[in-house]
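Data block below; observations after.
Labels run A, B, C and D following the written order; every chain starts at residue 1.
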Amino acid sequence: MSLARFIERLLQLIPVLLGVSAIVFVMITLTPGDPVEIMIGDQIVTPEQEEALRRDLGLDRPMLERFGLFLGNAVQGDFGESFYHRRPVAEVIAERLPATIELSLVALLVALFTAIPLGVLAAIKKNSIFDRMATVGSLLGVSLPGFWFGILLLMLFAVHLQILPVSGRIGFSSEIEPITHFLLIDTLLRGRPDAFLDALSHIILPAITLGLPMTAILMRVTRTSMLEVLRQDYITFAEAKGLSRHRILWRHALKNALIPTVSVAAIETGSLLGGNMIVETVFGWPGLGRLVVESIFVRNYPLVQAAVLFYAVTYVLLNFIADILYTVLNPRVKL
Amino acid sequence: MKTMSRLLAVSVLAMATAAPIANAQDLIVGFTQDAATLDPGNHRNRETETIIRNMFDGILTRDSAMSIQPELAASYTQVSPTVYDFKIREGVKFHDGSNMTAEDVKFTLDRLTREGAMGNDQTSPRKSLLGPIESVEVTDATTVRVTLSEPWPLLPAMLPFQEIVSKNFVETVGTEGMATQANGTGPFKLVDWRKGDSIIMERFDDYYGGADGIQPAGKACVDRAIFKIIPESASRVAALLAGDVHIINELPPFAVEQVKNSQTADVMTVNGTRSFFIAMNLEGETFDDIQVRQAVAHALDKDLIIDRILGGNAASISGILSPDAFGKNTDLPEYSYDPEKARALLAEAGFPDGIEVTMDTTGAFKDTAEAVASLLTRAGINTKVAVGEAAILNEKWRTQGGPKEGDMYFTSWGNGSLDPQGIFVPTHVTNARGNSAGYSSDKVDALLDAAATEVDREKRAAMYQEAEAIANADLPYVYLWVPQDIYGVSKRLSGWQPSPDSRINLHDACLN
Amino acid sequence: MTAVMREGEAVANTAAAEESIFRRNLHSFAENRLALGSAIVVLLFVLMAIFAPLIAPHDPAETDLFRRLQPPAWMPGGEWSYLLGCDALGRDILSRIIYGARISIFIGAAVVMVATTIGIMAGLAAGYFRGWVDVLISRVVDILLGFPYLIFAIGLMAMMGPGLINIILALVYKEWVIPCRVVRGETLVTRELEYVEAARALGASGKHIMLREILPNILSPVIVVSTIRMAHVIILEASLSFLGLGVQPPTASWGAMVADGRAFILQAWWVSTFPGVAILLLVLAINVASQGLRDAFDPRFHE
Amino acid sequence: MNIENQQNLLQVEGLRTVFETRAGTVCAVDGVNVTVRRGECLGVVGESGSGKSVTFGSVMGLIRSPGRIDAGRILFDGKDLRELDARQMRAIRGRDIAMTMQDALTALNPALTVGEQLAEVMEAHDGDLPTGRSARKRAIRERSAEMLGLVGIPSPDTRLRQYPHEFSGGMRQRIMIAIALASRPRLLIADEPTTALDVTIQAQVLELISDIRAKLGMSVVLITHDLGVVSEYCDRVMVMYAGQIVEQGATADVVCRPKHPYTKGLLGSLPRLSLRGQAINPIEGQVPELINLPKQCRFYSRCRERAPECLQVIGMQDAGNGQFARCIRVKGEDIK
C-alpha cells in the first residue's frame, strides 16, 4: 500500500464523516421529542427548573451553534456527555463496544468457518444432494427474519433443552479481571477454561443468529466464485501437472475463489456491527446497538451522534481492510 | 466438515458446562433496564432508583405497606409546617468504612437542591423532587434541620427516594466518579457493574441493620445480589422458569398462569401506582362536548379488558387516584358499560351516525389500546389506534397550555409516592405538565392548590375527594385502571415482598 | 478441462443458436422446476393479497377478547373456523396473515420499485457522465452506507412518525444503492460498446443514449437483482416492526405480527410462528424464483 | 507386443469422446487413431472444434462431465490409461505426459508465485528428491532455477518469487513450458503453444520446444491450426476435421502432396505456402454441427470436389508411403 493511497483513503473519510454528522444533526433538528421532557417523565417541575435542566444539557443553544460545537469538540476527541448517563459519551460507548465487537467477530468467524467449506464443497459436488441441500440451507438463511430465528433458537436451547443460558454475556461465577475486554480472550489469558466455556455458551446463540444471513450470503458467493475458478485454465493446467485433488482445490482454486468472498465478508461485517441491535435485544447482549436504539428513543443526542460517527469510521475502515485483503489475495492488484 | 464437527464438539462441551452458573448464595433479579448511573443525585429514572436503592439508604424509607419509616434517621419531627428535624442514626458506616454523619446528610440534600451543586455549574436533575426546600442545617452532631419556603406535606413521602452519599467520597471522586462508583450505607455494596448486562453487589457486613420499623433488621441474607438486565419479557420469563434468575419484574399478565403452574416459580403481585386513562382533547371539536366524553365512558367495558387482557390484575378506577392513594374518593359514580346509552349520547350530541376518531398510544400499550378501540368502535365511536413514540406523543399532548391536536390519548401517569400531589396536580391543574386533555376547572385548581399546603390530613383528604368528584363529573379523561405490578419469583426465594413504589428491596430476601 | 470443454460447448451452443435467446432463457427457467414452483408460490401469495377479502374467513380487525390467544384448530381449545388460532385480541391469525400479505408484499414491491428507479437514474448518470457526477454519487453512496441502516431507519421514523409511506421511505433510503451500483457498472461497460459509440457519433443526446441505447441492455441484471432485494426488504420491514416501528394498527404486516407475537412465545407460540412461517415461505419462494431468473437470464451466472 | 508397438510411445485406438448437452449428444472425437513414436514430433492440425484438443484432453484424462470417453483404448508405453484409477493417472500426468496450454496467462495461477507452481510439480512427482525438509527445499529451488535457465529466463532466483502477471507474454509461455518439463516427461502435448504470441516470439518458443526435445529425447505433440508451423517443426502430421482424422502422414508428404480437399484448403489459405501469384483461398462454409451427423463425408457441404459417391461412409484410404486420407479421390490424382 502506497502512502498516497493511504492518504487518499484518509481524505475519503472526511466527506463521509461530515456528511454523516450533518445528516444526524438535521434529523435531530427535525425530530420531535424533547430529551428534558423525557427525563422528567411523570413528575412535577416548574418551568424554571425545566429550563435549568435544558441549560445544563446545552440544549438552550441554537442548532447551528451546537453543530459547530460538536464538530469542534469531536475533532479533539470530545463527544460530549450522555444526557441519560451523565458521563462522557466516549466512555459510555467504550464500555459497550467490546461486547458488540466480540459478538460481531464471533458471528463473522462462525460465518466464515461454515460458509467457506460448505461453499467449496457445494461447488465441487455441484448438483449433488449436498449441493442442493446447501443451496436450500443458504436460501433459508437469508429468508429467515433474524429475530424470529433467534427467539426460536432461544426457545429450543435455553427454555426447552435448558443447555444454554437465556441471556447475557457470561455467568456470575466467572469473575474475570478484564485485559482486552473480549471475554473469550480474557478468560483464556487468565487461565480460566471454565469461564471461557461459560462465555462461549453465552455467545453461541447470538453469534449464530447474527451470522446466519452472512453465512448464507458468503456460502453462495464462495460457491459461485469457486465454480467460476474451477472453470479456469489454470485449474486444468494444475490437473495436467498431476497435482493431487486436495492441492488443486485448497491451494489453486480456493486462493482465487476467496477473493470475492473476503471482499463481501469485509463489507458485510459493517452490517453485522450496525445491525445487531435486534440480536442484542433478543439475547440481552450488553452491546452498543441496543444502547443506541434506546438512546434514540430517549433522545440522548450526544450518544447517537457519537455512535453514528463511530459506525461511519468503522465502515470506511472495513472498506480499507477489504482493499488490503484484496491485494493480499490477489497479487495482480497493486494498491 | 472437520471444522463443523469440531465446532459442534466445542458447543456440546460448552453446553455441558453452562448449567451451574449461579452460586447458591447469588440472588439474581431479572430486570428490565440497566441503571443510568450509580449517582443517586444525578438521574430521574425509576429503574436506576430501584437498583441503586439496594446500595444506598435514605433518611426515610417505606415498609411494604407503604408507610413511612425512619431509616438513616433514628426519628424525625415536624417542628412547624415548614420545619422538619431529623435525628440521624449513629454508628452507621459507609461501604468504605467511614462513619456517616449529619454532615453527610446535609451535604446530600444540598447537593440535590442547590443550584450548581453538582459541579461544573450543573444542578441535580432531582431538585424538583424536593420541592420547596430552602435550607438544610446541622443543628447538632446528630440533628439535621430542613427548612421549607412554604408548607409541603409531601416532604416525608419524597425522602425515601433520596439516598445519602458520603461528603468526603463525593469530594474525592467528584460527580464524574460518582457515576460509576457506589459508596453508600445500604445492605449491599458494589462489586462490579457490567454495563448493560448486570450490576453485581455483595453483602455489606458492617451494615447497621436497616430501619427499626421493618423487621428483621440486620445484615442482608444472601451473599450477593445481582440485577441482570433482560429487556425482552419472554426472555425474562424464560430465565425465571429455567432457574437462571430468582425475581423478575414486569411479568406479563398472560404469563401468570404459566409461571404459577411451573414447578420452580410463583407469582407475586402488589398494587401498582400507575393510573391509566384516556385523555380526550377538550380543545378539539368532538370532545368539547361532555356528552361525547360520556359516550366514550359508557362505551368502554373496563371489566372485560381488565379480566381478559390484564388477567384480572388491575383495579378499575373512576377518578385519577389509585385506590391506595391518600385522599381517594371511594364514592365516585361509575360510568357503567352501556353501548346503547353511548350511542344515544352521541346522537344527542349531534352525531347519530357515530364519530371517527384517532387514539394515540405508545407501543407498549398497543394491544390494550386496540382492545379499547374495538369496544369504542362497536358503540359508534369509530376509533383508529395510532402508535407513536412516547417522546413524540408527550410533546404532542403535554402542551402545557399550548395548542393541541389529536382526539384521544391512551396514556398513564405513575406516582410512586401515592400522594395526590404527584398525580392529581400534574394531570388536572390548568396548563399543568401532564394535563393532556387540556382540562381547566377553577374549582379543581383552587382545591388542589389549597390541598398542597394544607397540613391537616383530614381536611386535605376531603379537598382531594371533592376535586376527584368534580373531575369525575367533568370527565376530561376516561379513567381506566391501576394495574398491579406483577413479579415472578423463584420458589426458593423467601423473605421478599414486592413494593408498590416499584422498589426491589433485597435486604431481607433469602434463597433456600 | 476448459479448452477441451469449450470446444465441445461451442459445438453444442451452435445447436441452440437459432432459437431466440429470450425464448431459450424462458425455456430454461421453465425447465428449472424448483424455480417455476417458487414463482407459482409467489403468484399465489400475490393473488391471496389481492383477493384477501374473498379468501379471509374473518374480519382481520375483528377482536373478541374471549378468544384471546385461542390455539390453532388441531390443539385442545381450538376451533376449525379459526384454523391457525387467535392473537392476543382474539383476532383470527389466518385472516390477519391473508390481509398482512397485502402490507408485506406492497411494502416489498413499492420499496423495490422506487429504489430501483432511483438507483437506475443515479447509476446511469454516474456510469455515463463519469467525472464529477460519478464522484458525487459515489460520495453520497458512501455516506449512506456509512450510516448504519437500522439506526437511520429508526431516526427517520422518529422524525416523520410511523406510517406506511415512511416505512417505505426508510427502506428505500439504502436499497437504491444496490441497483445504482449494478447499473453504474453495467453502464461503464456498455457505454464503450460499438452500438453506443455509433449512436454517439450520430449525434444522439445523452438522455437518448442512456434511456434508449444503454438502459434496455442492462435492464435484465437489474431486474434480477431487484427481485432478490424484494425478499430482503420484506425481512427488513420485519426488523423495523421488531423495533416497534411497523405499520399502524389494526392492519398488520407479517413482520409486525411476528414482532408483537413474540411476547407470547412461551404461552402461545402460534401467534408469532405462523406469520413467521408466512414470511419464510414468501421470501424463500422469491429467492428461489429470482435465482432461477438469474440463472436463466443473466449469462454471467450460467454455471 | 510387436516391434511397431514398442516404437510407439502413445497409441490411441478408436477413441470416441462425447459431450452430453441439452441439444443432444455431441460427438467431439469420433473413432480417432493416433500413434506417437518415441522421440518424434507429431503435428495435429485442424480448425477449432475439429476435436484436436479433445483428443489429447482424453489422453490426459482431463475430460469432465458432461463429457466422457465413450470408446477406444489409450495405450501409453503399452499401458491402457483408461484402465488406471485416478491416483495412478495422476502419477502419469505431469510426470510422463505433460501438457502446455494455449494461453499461459490463463494457465498459470495468478495467485501463486512462479516458483511455487514450478516446485509443486517436482513435489508431486519427483521420487529422487532428498528426504530432509530443508535439503528437499534446497534441491527444489536449485532445480527450479535450472529449469528457468533451460527455458532461457535470466536471473531465475528473483524471478521465482514473482507472480505470472509480472512477466511478458513470451516469458510466461516459457515458464509454462518449464513447468511442463519440470519432471522430464516422455511426452509433451503442446496445445497451440504459439497462438497467443506475436510472430517473433512464436518462433523463439517453437525453437525452444524443438531444442529441448532434442536435448531430452522426448516426444512432442504439437497441436496447432497453423500448417506452416507444422511443416517447419514436425516429423509427421495429422489433420482433423469435425471429430475425425481426415489425413495423416509424413509432414513433407502431406504438405507437398495433400490428398484431402480439406488439407488442400488449409494449405491454400496459408499465405506463405501458397503458390506465388495465386490468391489466398479461405475455405468457405462452416464446420458442421456434431449432433446427429449423417454418415456421409463430413466435409461434403464445403468440398469443392464433392461427388454423389461422397454420400456414404468413407474410411481412411491408403495413399502409400504411410500417408492416409479420408477421401474417395485419394487414388484419383486429380488435383487442380
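Quick note on the criterion: a contact is a pair of C-beta atoms (placed from the backbone, for glycine too) under 8 Å apart; a residue touches a chain by one contact, two chains touch by 3 or more.
On a predicted model such as this, the values are computed, not experimentally measured, just so you know.
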Chains in simultaneous contact with chain C and chain D: A
Chain located farthest away, centre of chain C as origin (C-alpha): D
By mean Cα position, the chain sitting nearest the middle: A
Separation of mean Cα positions, chain D and chain A [Å, integer]: 54
Inter-chain centre distance, chain B versus chain D - centres from mean C-alpha coordinates, in Å: 88
Computed distance of Cα centres, chain C from chain B, in Å: 45
Length of the line joining the C-alpha centres of chain A and chain B, rounded to whole Å: 36
Sequence positions of chain D contacting 2 or more other chains: 62, 101-102
Residues of chain B touching at least two other chains: 232, 234, 238, 241, 389, 391-392
Set of chain C residues in contact with two or more other chains: 1, 3-4, 158, 262, 265-266
Residues on chain A engaged by chain B in the complex (per definition of touch): 32-34, 37-47, 49, 52-53, 56, 84-87, 92, 95-96, 99, 110, 113-114, 117, 121, 151, 154-155, 157-159, 162-169, 171-173, 175, 194, 197-198, 200-202, 204, 281-284, 286-287, 290-291, 297-299
Complex contacts: residues of chain B adjacent to chain A: 1, 3-4, 7, 10-11, 13-23, 26, 28, 34, 36-37, 39, 42-46, 115, 121-123, 125, 127-129, 175-176, 179-180, 192, 194-198, 200, 224, 226, 228-232, 234-235, 238-239, 241-242, 244, 389-392, 394-396, 398, 400, 413-415, 421-423, 425-426, 432-434
For the chain A and chain C complex, residues of the former touching the latter: 12, 15-17, 19-20, 23-24, 27, 30-33, 126, 139-140, 142-148, 151, 155, 159, 224, 227, 231-233, 235-236, 239, 270-271, 273-275, 277-278, 281, 289, 292-293, 296-297, 304, 307-308, 311-312, 315-316
Footprint of chain B on chain C - complex, ascending: 61-63, 65-66, 68-69, 88-89, 158, 161-162, 244, 248-250, 260, 262-268
Complex interface listing, chain D residues touching chain A: 60, 62, 86, 90-95, 98-99, 101-103, 106-112, 120-121, 124-125, 163, 165, 176, 179-180
